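Two complexes come next, and they have one chain in common, chain A, joined by chain B in the first and chain C in the second.
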Partner chain A sequence: MLKDFTKGFVKENPVFVLALGLCPALGVTSKVVNALGMGAGVIFVLLGSNIFVSVLKNFIPEKVRIPAYIVIIASFVTIVEMVMEAFVPALFESLGVFVPLIVVNCVILGRAEAFANKNSVKSSILDALGMGIGFTFALLIIAFIREVLGSGTISLIPIGTWDGIVSIPGLSKSPARVFSLAAGALLVMGYLKALFNWAELKKAGAKK
Partner chain B sequence: MTYIGIIITFVFINNFILTQFLGLCPFIGVSKNVESAVGMGFAVTFVMSIAALATWAIQNFILVPLNIEFLQTITFILMIAALVQFVEMFIQKSSPSLYKALGIYLPLITTNCAVLGIALIAVRSNYNAIESFVAGIAAGLGFLLAILLMSTIREKLDAEWIPAPLRGTPIAFITGGLMALAFMAFDKTLLNNLIG
Partner chain C sequence: MTDMLKTGSKLALICAVAAFCLGAVNTVTEPKIAEFRAAKLKAALEQVSPGGVIGEETEAGDAVVLSYYVVAGVDDVSGYILNLKGSGYAGNLIILASYSPDGKVLGSVLMEDEETPGLGKEAEKDWYMKKYLGFSGKDIPSAKRQLSQSDSDAISGATITFSAVAKALISGSDFVIAKGGM
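== the complex of A and B ==
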């Protein structure tokens, strides 16, 4: 049971290992706070869709299951859109088109198809939380590297009068701007994936 | 914006893959050889152009008059899923050989963010019907261009020695990153200089 929860962190990390949900992983990670917002949205949608798919698994006919899943997912995405627009309009604005695009995030449909329609509600909830946290964790790593190198800052959630931005002395004056642009995102992703592969290969080598 | 402006914008300046990160999954997944990359590119272009037009019609004839724009995400994705299904059946009947070539990629297009992406971007940019259609074609061609370049590079890479941890997707991402770097040469100033 516990394995359903923890497998998403590293072993089956949706971004680095399964290579799902890549578009938002790169599109919203120029700032740490955007990665946090995106992660929260995905966790909510994933949780909702996994619960619904798992509850309804005996009622949805096999042939129309994918459209049915898409409707369930799209409903939760609409809720996220409305809540974000109402309560955190600045975040909603900077995530832009990527909020409605959660609907085509392969992680969510992938979990519905590969896990929730075969397992109990309880396992599906744990799976959703684990995968969601793994996804958020991956986004945060990418965003952290890109923001620190690309703008020399770390933007967190603003609290009270504090605007939530930590600037790193030295780096914030002359950052390597390319990391906050598209090219940097792809490069960071490539090297992080290579790091994961390297760790995997080393582990396999140690076993022999 | 003129049609040429829209085309240049979506093919080069705002290339969906290399600057907007839309449609990355097939870009990495289906770029191992040129033939399937081209097939995927054309299938996506076709679906994107029709999807942009169809979602424009839904937005302006159904959602706005009835004041139910909040259902945009749901209706658009269902429209795209139905459209992909329809295209699949149509191709299967009319050209079995094309169906065989595209077969496995067609269902994947539903969850390609580029298709929903162009629908949403066209609506948000307030394009009219023809502009939406042109934007759909242009964004699809941009996708085709990127995936074609990528698959050609990857076929060459197959013959080279690559350190073990970088093999497969990591090197594909890094190659994509370098391509994006090259595409940075296309920017708004270029567009303004070209068409004034």
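== the complex of A and C ==
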């Protein structure tokens, strides 16, 4: 049971191992705060959709299961979108088009199809949380590397008078800007994926 | 046949429940969003205003100029603020622009767009809009060749957005000139 929760962190990490949800993972990771916002949105939608898909798994007819899942996912995404625009408009503006695109984030449909429609509600909740946290964790690593190298800053959530931006002396004046652009996202993603593969191979080798 | 009906009605039921839930959330968030949008509009109006008292919004009944505000100076009209609709690369652009009574662009802000992030979306920034300021009518740059080399490099990759904004601003300028400081 615990495995349902922890497998998403490293062993079946949705971004680095399953290679799901790469589009938002590359798109929003130019700032750490965007990764946090996207992660929170995905965890919420994933939790909601996994619960409903699991509860309704005997009700939803096999033939129309994909449209049914999409309706459920799209509803949760629209809720996230409305709530975000109403309560955290700054985050909503910086995430832009990526919020509605959570609908087609394959992590979510993937988990509904591969896990929630075969397992109990309890396992599905754990799976959603684990996968969601794994996704957020992956986004945070990419965003951290890209923002530190590409802009020389780390932007977190603004609290009170503090604007939430930590600048790194030396780096913030002349950063390697390529990391904040799309090409940098692919570079970082490639190296991290290689690192995960290497760790996996080493582990397999040790077992032999 | 009955199987198909059953499948269809189940899907319809899921959709209906989803729609109901969304409606419920909307009643909570809608006033908040409206409030936020109104604050954003007010800030934008003040940003582009040439100075003076901004009057009430008036419908313009034009394809491009949606509505306008007359800005009153000390004893005459000091300018106009126009709400313009342009057609960008990926959907409509809503632009708020201020003009002097003789049709010169004084300030301009892109309020809504669906342009490509990193390319057309750059038009939301201040430096982008600066390229249009101070011109009136057909003199407003609408093609890359009307810009200096460095300026035209800056908008490279988003030429359609650039001329779309320019076209809307030119129509706005013509509209203001036709009003003739009234």
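Following the convention adopted for this analysis, the second predicted complex is superposed on the first by the 208 of 208 C-alpha atoms of A that agree within 3 Å, B and C clash if a C-alpha of one lies under 4 Å from a C-alpha of the other, contacts with A are read in each partner's own complex, and residues count from 1 in each chain.
Please note the rule applied: a residue touches a chain if its C-beta (ideal position, glycine included) is under 8 Å from a C-beta of that chain, and two chains touch if they have at least 3 such contacts.
These numbers were taken from a predicted model, which means no experiment stands behind them.
When both complexes are overlaid on chain A, the residue A:P89 reaches chain C alone and has no touch with chain B. Touched residues of chain A were counted for both chain B and chain C, and B has more of them. Within the superposed three-chain model, A:L187 lies in touch with chain B and out of touch with chain C [touch as defined at top].
When the two structures are aligned on the shared chain, A:I72 is found in touch with chain C, with no touch to chain B. Of the two partner chains placed by superposition, only chain B is touched by A:W198; chain C is not.
Once the two complexes are overlaid on the shared chain, A:I157 sits clear of chain B and of chain C alike. Within the superposed three-chain model, A:P61 lies in touch with chain C and out of touch with chain B [touch as defined at top].
Within chain A, the residues touched by chain B in the first complex and by chain C in the second are 27, 67, 71, 74-75, 78, 82, 97, 181-182. Listing the residues of chain A that touch chain B in their complex gives 19-20, 22-24, 26-27, 66-67, 70-71, 74-75, 77-78, 81-82, 97, 100-101, 103-106, 109, 178, 181-187, 189-191, 193-195, 197-198, 201. Considering their complex, residues 18-25, 28-29, 70-74, 76-78, 81, 110-113, 116-117, 120-121, 124, 164-174, 176-178, 180-181, 183-184 of chain B touch chain A.
On the chain A side of its complex with chain C, the touching residues are 27, 56, 59-61, 63-64, 67-68, 71-72, 74-75, 78-79, 82-83, 85-87, 89, 96-97, 181-182.
For chain C in complex with chain A, the residues that touch the partner chain are 6-7, 10-11, 14-15, 18, 21-22, 25-26, 28-30, 32-33, 36, 114, 117-118, 121.
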